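What follows is a set of structures for review.
Paired with subunit B in one complex and with subunit C in the other, subunit A is shared by the two complexes that follow.
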Partner chain A sequence: MRLALREMHRRPGRFAIATVILTLIAILLMFLGGLLDGLVASSTGAFRAQRADLVVYSGNSRNSLERSRIEPDVRHQVESVPGVTRVGGLGSVQLGGRIPGRGARDLVPTVLFGYELAPRGLPSTPPGAGTVYADDSLRAKNVVVGTTIHLGPARSAVTIVGFVSDTRYSGQGTLWGSLETWRQVLDANRPDARVGPGVVQALVVQGVSLGRAGLPEQIDRATDGATTTLTITEAINALPGVSQQRTVFNQIIGVTVVIAIVVVALFFALLTVERTALYGVLKAIGASSRTLFVGVVLQAVVVALIASLIGVVASLVLDALIPAGTIPFVATPARLLSSAVVLVVAAVVGCTFSLRRVLRVDPAAAIGGAP
Partner chain B sequence: MTTLAESAGTFDHALEMRGITKVYRVADDEVVALDHVDLIVASDEIVALVGPSGSGKTTLCSIAGGLLSPTDGSVVVAGREISGYSGHQLTDFRRESVGFVFQTVNLIPFLTARENLLVVDEIGRRLGRVARDRADQLLAELGLTDRAANLPAQLSGGQKQRVAIGRALMNDPSLVLFDEPTSALDSSLGDQVVRLIREEMKARGTAAIIVTHDDRITHYADRTVHIEDGRIAE
Partner chain C sequence: MFLALREMSRARVRFGLLIGAVGLLVFLILTQQAIEGGLVTGFVGALRQQSAPVLVYSVDGQRTLQGSVIDPGLEAKIRGVSGVAGAGWIGQSTFTVRVDGGAESDAALIGYEHSGLGDPSGLSAGRRPVGPTEAVGSAADFTVGSRVRVVTSGPSGATGPVFTVVGLVKDAQIQVTPTLFVPWAGYEAAVKAANPDATTVLPSVIAVRPTSGVSDIELVRRINAASPDADALTRSQAASDTPGVAQVQQSFQLIFLLYGLVVPLITGLFFLIITFQKAAALTLLRAIGARSGALVRSLLIQVLLVIGAGIVIGVALFAPLTLIRLGAITIRLNPGAILFWSVGLLVLGVASALVAARRVLAVDPLEATTGGGGL
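Entry: the complex of A and B
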């Protein structure tokens, strides 16, 4: 093993091409992963922030918050289900916001949420009518505490009283107020979507942990099919575009990993062919095929680790340089670590293609004794 | 398989080859490289193995060093019967009991002279300080102390050959096999190297087989064995 490391130390140029290519692949892997995480985070923050176990939509809504309407009698049925401990209404409306200091037509896309059960980072009692908390991402649009945003064609005024982090929805900054505020803004700007008193779009539900697995089915049975109840994870996956984004990006990431395997396989196969005479001598003086192959794997792992390290640094620099609210890129430790692990595994898999070549090196060739 | 001599830790002969036959299959043909060869080398004897190209001397040397297995016959090196050894056992045997000096020297180009000796320890038992002391001692005996930190590319042909001899002696072998050690050297340098080989072997009481085309080498050997068409004609 020391032999393999010494070769890398004394002949770094020999491994430069593989390191450069793998570094580019590492950066691509981490950038793709960071984009996926950023996109998913910007689409799902409002749901991930919910301190609830379940989301209840109306049965005919096809799991869409916008299409869903829960009437007060259905809510009462849900509240009556054994195991349900707390229920809160949730409403949303997507509107362009006019922010002071920006042009009259320079609308900032926002989603106003009305809530009862406070999501993470919000006060348990929603702010008073006409006041809201804003998602952190709106700071980049010059929103500060005290800013009044005019929403939609009716220019409904809401005043910012604080901020909450990581609650974006469908790529837009969110505003969080009471159900009363939500209803007022909805009535004024979306007359076609107006809702009656006590009507909400969805319910968020906290349940007892014991037997929670069957709680969604119990709720839907109790409402006689008037509801579709999802866990928070299921509700996140049902959000428009989320699963499609994951599928597409994971496929691209998969292809990138295959390319990494091919690069390592080709590079180390060539290197092994170049070293046939050297391996012959080493085998002749008593090195086992295992020792030689472990050396090849070690070199591949070192190259992959160096590439990953550069990739991690590049991703962190990129994350710091990208202005907030532009490219949805997030460099999370989990993503960077998993990308590095994937690259190292790809390197190990790639160099197994050289195993047969190492095994086939005949020590007798070193002395010219092979047939 | 262990012989009585091995279990006792002593043996009269470094090498005993009896009835060695080696047949290569090339496509549908069979090529007999060695035909019932007998060869015994005493424990401190230097044997020059000479013969024309294709006579079988390299094959004989390879079988003696555990690089090849014979088709038939018995090979005992330092009391160990190796003709029935598996590939794995032969690897261990080469690492522990024989030394090789190859025709093209074949030092590892990215290791210094000292590290080229220590590579034997690295792929083997890893004796650490003991191995490092032995490498330094061998380099001193071979007149290479001031070249210990040089890479092969910084050494002359004779110095490289001396490093190769040092590497062959690192595992304190019972038998050292030299494959045409002077073929890449001019006559005076070749003479020096062969004299050095004799001195080193005799000083250690180690047996050696020197495969060569060079008749001058035979003057330094205790015995010359001629091989032709796979048969020995002493």
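Entry: the complex of A and C
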């Protein structure tokens, strides 16, 4: 073990190129993962913030908030399902916001949500008509408490009374007000999307299943198929593009990990070939194959850890340098750590390809016994 | 050449591993390039394929068709701009539909008022609609004769309008969703069926054609000057400035840059190590009269063969992907992209092997007589 580390210490140049390549792969893994996290976080915050168990859409809306319409009679049916404890209406509309101090054409994309059942970080009673809470991300657009934003072509005025964290939706900053505020703004700006009295786009539900079937099935049965009920996780995965983004990015990350394995395998296979004679001598003086192979694994792990460390630093620098609103990249500790772990595992797997060569080294060859 | 090939055939595993790694990298690069192209086309293909040279959004729409609404006041200002030869409505929304009585799915409808101002410009099959219930569909998603029923949000049993696909147009999706171009009356009926509470169906954008002698760019300038609420864009600007398109392209460019660096580094590392390993043999070859140039040529031939074989494997792995679809994204085999990356990776690979070549040139034949031969 000490021999392996001493070799790395005495001949760092031998490991430099492998470290550089693995560093690039580490940056790739962390960048791809951070991009995925950024995309997903900016699309799903409004749903992740819900303090509810279920989201109820109208049956033919294909789980799209914008297309869903829940009539008052359907809501009563949902409320009367045994196990349902609380039900709140939810509505949304995406509009450009005019913020004081910005140019006439420099609008900020926003999504106004009307709510009844408060998401995390919001007061249980929605703010009064014409007032809203804003997502933290809008602070970067010079929004402060007291700012009045004019929404949409009708210039519907809403005044900010506070902030809430991590509630972005569809890549945009959100505003949270009462259903009354949402309905007024929707009617004024989107006549093609207006809703009738008591109609909401979706319901958020708190409750537990009291029967054999799950609560979502019980709700959909009670409404005779007029609704599609999803858990919060299912609703997040059903948001446009979320599951597709996850699948594509995870596949790319998977192939990149395979490449990391091949790089490590290639590098340590060559290194082992180069050191065959040395291994023969070491075996001849009593070193076991296990000791030699542990040394190889240790070197691979050290190379992968150095690459990961540089990758983490590069990712954090990238995160700090990328201007807000451009590339949706976030460097979360979980992603950086998991990428580092994956890289170390790939390095260990890669260097196991050298195991056969290490086992095959014949100590007799070192003392001239080989033909 | 003989030496290079003989060495490769004797060390199949090590060269095979390198070729495999390069092949995987080429496969990844081509796949991601295709995903980028497919994604952008899926986002804004319909904007590129529609016939109006200039589209006028409301500033509030943030350059998205679905987010923009043109009220009558703004429309009047646009129509009144000098240089406007013709103007028509375009509307866009996404609906739940059933295609040929199948399961519910999503479809984007683009409604246009006048031919030449928002209808698709070039059909790949069929003909243009002549009635309000006929449609031109995105070729990747529909076939001529498909019947597409809009699902209503009213009580079950209520029926929405049914569109018959009479023509197809390639690369014409919007928001990565199957897309239908329909006459305005059909679009209006679909909106009202999907939301019975809708009071008025206003256009999303106004499609505009300039008079002769006025360029598209000039008309854009005039319209934007006429109203601070108007956001006029040429067809190509409308496609490239759609929110998300630039971010997608920037993200992929960064990924390509990183992959582009990994390939030559792996190749360079491999050949440098190989050169170190065969230092004694190279010294001996030089001592018995082999010229440095011949040894370097042998090295470069191996580099070209390895990267060339990697490219062939990468393309071979990628080609079957073009037969399937990734969700709603169409993956295309782009010969231009393959050529670009092949040439680029070959050049970078050869450049990366120059360090190893320098080592070969530094071999001193005299070392063979002194028992040396290290580099």
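Here is the rule we use: the second predicted complex is superposed on the first by the 366 of 371 C-alpha atoms of A that agree within 3 Å, B and C clash if a C-alpha of one lies under 4 Å from a C-alpha of the other, contacts with A are read in each partner's own complex, and residues count from 1 in each chain.
Here is the rule we use: a residue touches a chain if its C-beta (ideal position, glycine included) is under 8 Å from a C-beta of that chain, and two chains touch if they have at least 3 such contacts.
Note that the coordinates shown come from a computational prediction; the quantities given were computed from them, not determined experimentally.
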| item | value |
| --- | --- |
| Fit-or-clash call for subunit B and subunit C when the two complexes are aligned on subunit A | fit |
| Contacts of A:286 with subunit B and subunit C, given as first, second, both or neither | first |
| Residue contacts on subunit A - larger count, subunit B or subunit C | C |
| Which superposed partner A:148 touches (first subunit B, second subunit C, both, neither) | neither |
| First, second, both or neither for A:10, with subunit B first and subunit C second | first |
| Touching partner for A:231 - first (subunit B), second (subunit C), both, neither | neither |
| Touched partner set for A:252, first subunit B, second subunit C, both or neither | second |
| Partner chain in contact with A:159 - subunit B first, subunit C second, else both or neither | neither |
| Which of subunit B and subunit C A:273 touches, first, second, both or neither | second |
| After fitting on chain A: smallest Cα gap, subunit B-subunit C, Å | 11 |
| Overlapping contact positions on subunit A, where the subunit C interface meets the subunit B interface | none |
| Interfacial residue positions of subunit B with respect to subunit A in the complex | 24, 26, 31, 58-59, 61-62, 65, 67-68, 88, 91-92, 94-96, 99-100, 102-103, 106, 108, 110-111, 115, 119-120, 122-124, 167, 171, 177, 179 |
| Interface residues, subunit A side, partner subunit C - complex | 17-18, 20-21, 24-25, 27-28, 31-32, 35, 58, 60-62, 64, 66-67, 69, 94-96, 104-105, 107, 109, 152-153, 171, 189-196, 199, 225-226, 240-241, 244, 248, 252, 255-256, 258-259, 262-263, 265-267, 269-271, 273-274, 326-329 |
| Interfacial residue positions of subunit C with respect to subunit A in the complex | 13-14, 17-18, 20-21, 24-25, 27-28, 31-32, 35, 58-62, 67, 69, 71, 74, 93-96, 104-106, 151-153, 156, 175-176, 191, 194-195, 197-202, 228-229, 231, 243-244, 247, 250-251, 254-255, 258-259, 261-262, 265-266, 268-270, 272-274, 276-277, 326-327 |
| Subunit B-facing residues of subunit A, complex | 2-3, 6-7, 10-11, 277-278, 281-288, 291, 363-364, 366-369, 371 |
